[in-house]
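Below, chain A partners chain B and then partners chain C, in two separate complexes.
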Partner chain A sequence: MTNSTSTLRIEHLARVEGHGGITITMKGDQVLHVWLDIFEGSRLFETLVRGRRFDEASQIVSRICSICSTSHALAAILAIERAMHVEVSALTNALRELMHLGENIESHALHLFLLAAPDYLDYPSAIALAADKPSLVKLGLRLKNLGNVLQEVIGGRAIHPVNAIPGGFARLPTIQQMLDLRQRLEQGREDCQAAVAMLSSLPPADFCHASTVFAALRDSSIVVKEGAVEEQLEPGCYRTLTNEEKGPFSNAKRSLYRDRPFMVGALARLNINPGSLTAGAQAAVEQLGLSLASCNPMDNNKAQAVELVILIDRALSIVRELIEEGWQAQAPVAVRAHPGNGVAVLEAPRGLLIHNYTFDQAGYITEADVVTPTAMNAASMEHHFRVAVERSDSKEPAVLTRKVEMLARAYDPCLSCSVHLIQANERGRTG
Partner chain B sequence: MKQRKPVLILGLGNPLMGDDGVGCRVAEMLASDPRLPAHADVHDAGSDLLRWADEIAGSDKVILIDGALSEQPAGALTIYEDELPGVAACSSHVHHLSPLHAIALLRSTQPEIARVHFTLLTVAVSSAEVGMPLSPLIQNQLPEICDQVLLRL
Partner chain C sequence: MTHPTMGIFGLTSCAGCQLSILNCEDELLAIHSALDIRDFLMASSINDTSCPLDLALVEGSMVSKLDETHLRRIRARSKTLVALGTCAVFGGIARETGARPLKDAVKVDLAIPGCPIEKQEFLTAIAMLLHGDAPLLPEYPVCAECRMQENNCLLNEEGRFCCGPLTRAGCHALCPSQGVPCVGCRGPTREVNPASAAKMLEGKGFSPGETARRLGTFAPLGATP
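Up next is the complex of A and B:
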């Protein structure tokens, strides 16, 4: 064993050079420092909504993330309605939930099949996986498409919903669209069974099991849990959780709860709400060999698969109920500008998402705070990177890189959603 | 089911990220351009091309407009016909697929997309900072980019 200092640097976790990556420094086998350098675009987006009217906010913030555009739009709308004391109809709540379920279905399917599965099956990318196992990738694309269609029918666009506005919906779906959705969701249920079967056949991954603090919503409160110990926070007190200290070895801010990193996302949701499992989800838990509460962050992938079952079942239940009961055309509730503050916390695909806005008399935003799941997960990821490296029998860079990359992907981080510039220095014609 | 038009124009990017949103701005301009023929649909497509798989599958020709980090001077237009730039064997993205990866994936899994003709127009940008307006240089390029798209319909 050598006592010289070495550095493991993974520079390809983000889409834009210079904005992302993981760096781990070691002295011999001892890990000295771990840092995840994230491009924290969402923090800067707050400046874009300051000075904007309340009814512009959801459209702007939905652009923060292409995958979580519905969550950002909904979080903004809910915060606005709280600040303006708006009560919406049961139909609005049902349609919002449906749209949100669509986003979660889409995001989980994309992550599990196109980003995580290649890791487990030892393929460099989804494209390489598709060449060998096209049916597997097609299954993932079908499930992703189901989520897209839900968002498009309710939200009015394939991406960045426009129908959902403060007070309700600008346009309601037609009965024919709901009948089509029901049919697609019934097919989706079958696809979901196949997805769980596929994921249960993947090789196990348990190389970074460690005591972990989890945070997720239970009803409308944030619950923070470690082992059997739980604490409950009201949404208005979210800063206790998202205190955003700058870490000593990183440029990015870190959220700590009582000086401890915490994990948000699918695994946190299941660990904190095990009683919410439906019969189908319980069967998936057993098929996947997922033992709740799990402190293995790699189980976040399995938790997403279980959630796919829950999400599709719930969406189907809402659609069936709407078809059965029907709905009347209704205009959105009028929203009058009102000075005040509104906080909304919801579960985005990757975990807790918090939007907080303060408005002046005329309804213009004077303060904004958007806290994303990946910002909350950053310190927890570093904690688990450290565990993975320390526990690894081999300290070969290739072995460590593979483990750390797999772990990073299991967290399903949103490091690169804000910018998607491509590199174009290959052949082509300059026009 | 909605009738698809044979030509689909998708402007890619994030308009909150300055020049990264150039594709979206071009799509907005084209949507109100009287020269846009009836057989073409144009959308501000955001940054997740996989979401447009159904629309792509129903088209004969797809034109993508995207910002690109490039060694070329900012504003330079590069046009790829038939063959798109190659994608690295290993995806470096943890969150979603780049447009080129998305096309490669869709082509390999959906035969109806394998036959679609793609044209990619990239606009060289030097940076993409958080902010809604385009840089003056890229803003001034918009009419030229629109002309180039229309020439290819």
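Up next is the complex of A and C:
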């Protein structure tokens, strides 16, 4: 029997953004193939923006993904400004950072409390969890709401921001809004302590430690790191990292670095930038029992909790500084159409996000390339699924399914994001 | 007392309308106490995928065969099917590359537009459905709401391309109120006259190509829910 071939199939991953499944084939205890099947329909955004004027781009590409809509809009705006040689004000940069922090806070809180926490506590959903532990779920919802309020006040809307435009912001926040934000962030700081305490009480999950390549931004360079070995890439050379290929059964692209899978996201950021830890974040690292650099992908959950501390502290310091120094009314910098190319790389909640546009003389887009974190993570997820299955003492389907699903969710995949380009090539999947 | 059963589903989309439901942070637990949520894959790993549903909320558009199969199955088990958001109602942002609205395959009982849906409009509509009322959603243009906000007209006074006159209200003129022209994300109003709109915009110096492109970003001009 040990040599018989079997297939483990997770038809439809729950509690993730978008539609995908997992197929693992085994011969006895040996894993033959692992596939992350992404069957979210293809959405062809790179085609959709071609022929659009530069001022239309951010509102279109934000629709790639709701959870990371601010990152997509911002990446497009930054790429446009680079191509058109626009320098924005210090105030614009501060507000953009604040809006982006809001998105990261919302996304991490959503993932940790509503999507991942039920795994550890053995509940099907946060709604079911709320029946027994209402204060825990309410804490998560309050942190999530804080992120949304930041995006609403600065970006004009929690999903698909409208107020951030090439050149700056159409409308600046009022002093009263800033004072309210300060108060909310102070409350958020306390909530964050409670969140870290809650997450540190969850049962440990360490079943797929494996040598892993990580990639994240450090200052404005992409750093790729495995163990002590590092390599730096300038944003313009991102294709070294993202030689995207489409998997056999998937509508999404995936990336390899020198033929190896790599992981992006919160854990990659902390592993690559241990110096970014504030005193509060360091305390959270210790409380969570996280030892950096960690090669346990399940630690991405803990890394998000540590980042919540960093994000809220940073947002609070920006808001305090703005309140102290005040700001002058200012119109966005005028952007004049200019032919050329612009690349922007930023850290979206789930990891590196790259937008690249080429414009013609009149400012219309002739070429676009968008590389999303989940497209980069796809190969790494498959690598870790394989490790988890191989290392598992029990090969019972229920045990394997639980481990693989937990692992998939720890990556916080965003499957809508990952299918932005490739023409649908439907697998004959029914059922 | 038994509560009405509900399912929340996403076809191909950015998941922003489901996320808008999860963004009702203050109301989420109350929604759960008024409705029996049986099938909500984005939020729960245990779902009843075959029970009859009093209410089905479906976001996204049909891009793949799988989307259509999924949608037909939802329709077959649901009393009331609500198309949630502009992708579901009009095809949405990806329609130029073939995405189709729900009504192309099934009967839709209520259409709630928006990209994403407006939280308050959504909550009011659900509350009305729970009380057996038919929700009344505005069909007049964004301009009506923009006037109420006492905004300067971006089209007439600043000469900027604003889709407000042809776009369905319900957002309280969110974009023009921030000084950003409307991009038409809620789809066309009921009584839009495409020929006269094109003429009006041409008179303001916008080329027919630009007019068609910008007005058609989220829905075909003149489409009805």
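To be clear about the criterion, the second predicted complex is superposed on the first by the 396 of 431 C-alpha atoms of A that agree within 3 Å, B and C clash if a C-alpha of one lies under 4 Å from a C-alpha of the other, contacts with A are read in each partner's own complex, and residues count from 1 in each chain.
The rule is short, and it goes like this: contacts are C-beta pairs under 8 Å (C-beta built on N, C-alpha and C of every residue); 3 or more make two chains touch, one makes a residue touch a chain.
As the structure is a computational prediction, the values presented were derived from the model and not from experiment.
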First, second, both or neither for A:142, with chain B first and chain C second: second
Which superposed partner A:392 touches (first chain B, second chain C, both, neither): neither
Touching partner for A:126 - first (chain B), second (chain C), both, neither: both
Partner chain in contact with A:408 - chain B first, chain C second, else both or neither: first
Partner chain in contact with A:165 - chain B first, chain C second, else both or neither: second
First (chain B), second (chain C), both or neither touched by A:56: second
First (chain B), second (chain C), both or neither touched by A:177: neither
Chain B/chain C common contact set on chain A: 12, 14-17, 41, 44-45, 47-48, 60, 63-64, 66-67, 69, 110, 114-115, 118, 124-128, 130, 134, 137-138, 141, 144-145, 148, 158-160, 416, 424, 426, 429-430
Chain A-touching residues of chain C, taken from the complex the two chains share: 10-17, 19-20, 22-23, 25-26, 28-29, 32, 37, 40-47, 62-67, 69, 92-94, 96-97, 99, 115-116, 174-175, 178-180, 183, 185, 210, 213-214, 217
Chain B to chain A touching residues, read off their complex: 12-17, 20, 45-48, 50-55, 66-72, 76-81, 85-87, 89-101, 104-105, 108-110, 120-122, 124-125, 128, 130-132, 148
Complex interface listing, chain A residues touching chain C: 12, 14-19, 39-45, 47-48, 51-53, 56, 59-60, 63-67, 69, 110, 114-115, 118, 124-128, 130, 134, 137-138, 141-142, 144-145, 148, 156-160, 162-163, 165, 170-171, 405, 416, 424, 426, 429-430
Residue ranges of chain A in contact with chain B within the complex: 12-17, 41, 44-45, 47-48, 60, 63-64, 66-67, 69, 110, 114-115, 118, 124-128, 130-131, 134, 137-138, 141, 144-145, 148, 158-160, 408-409, 412-431
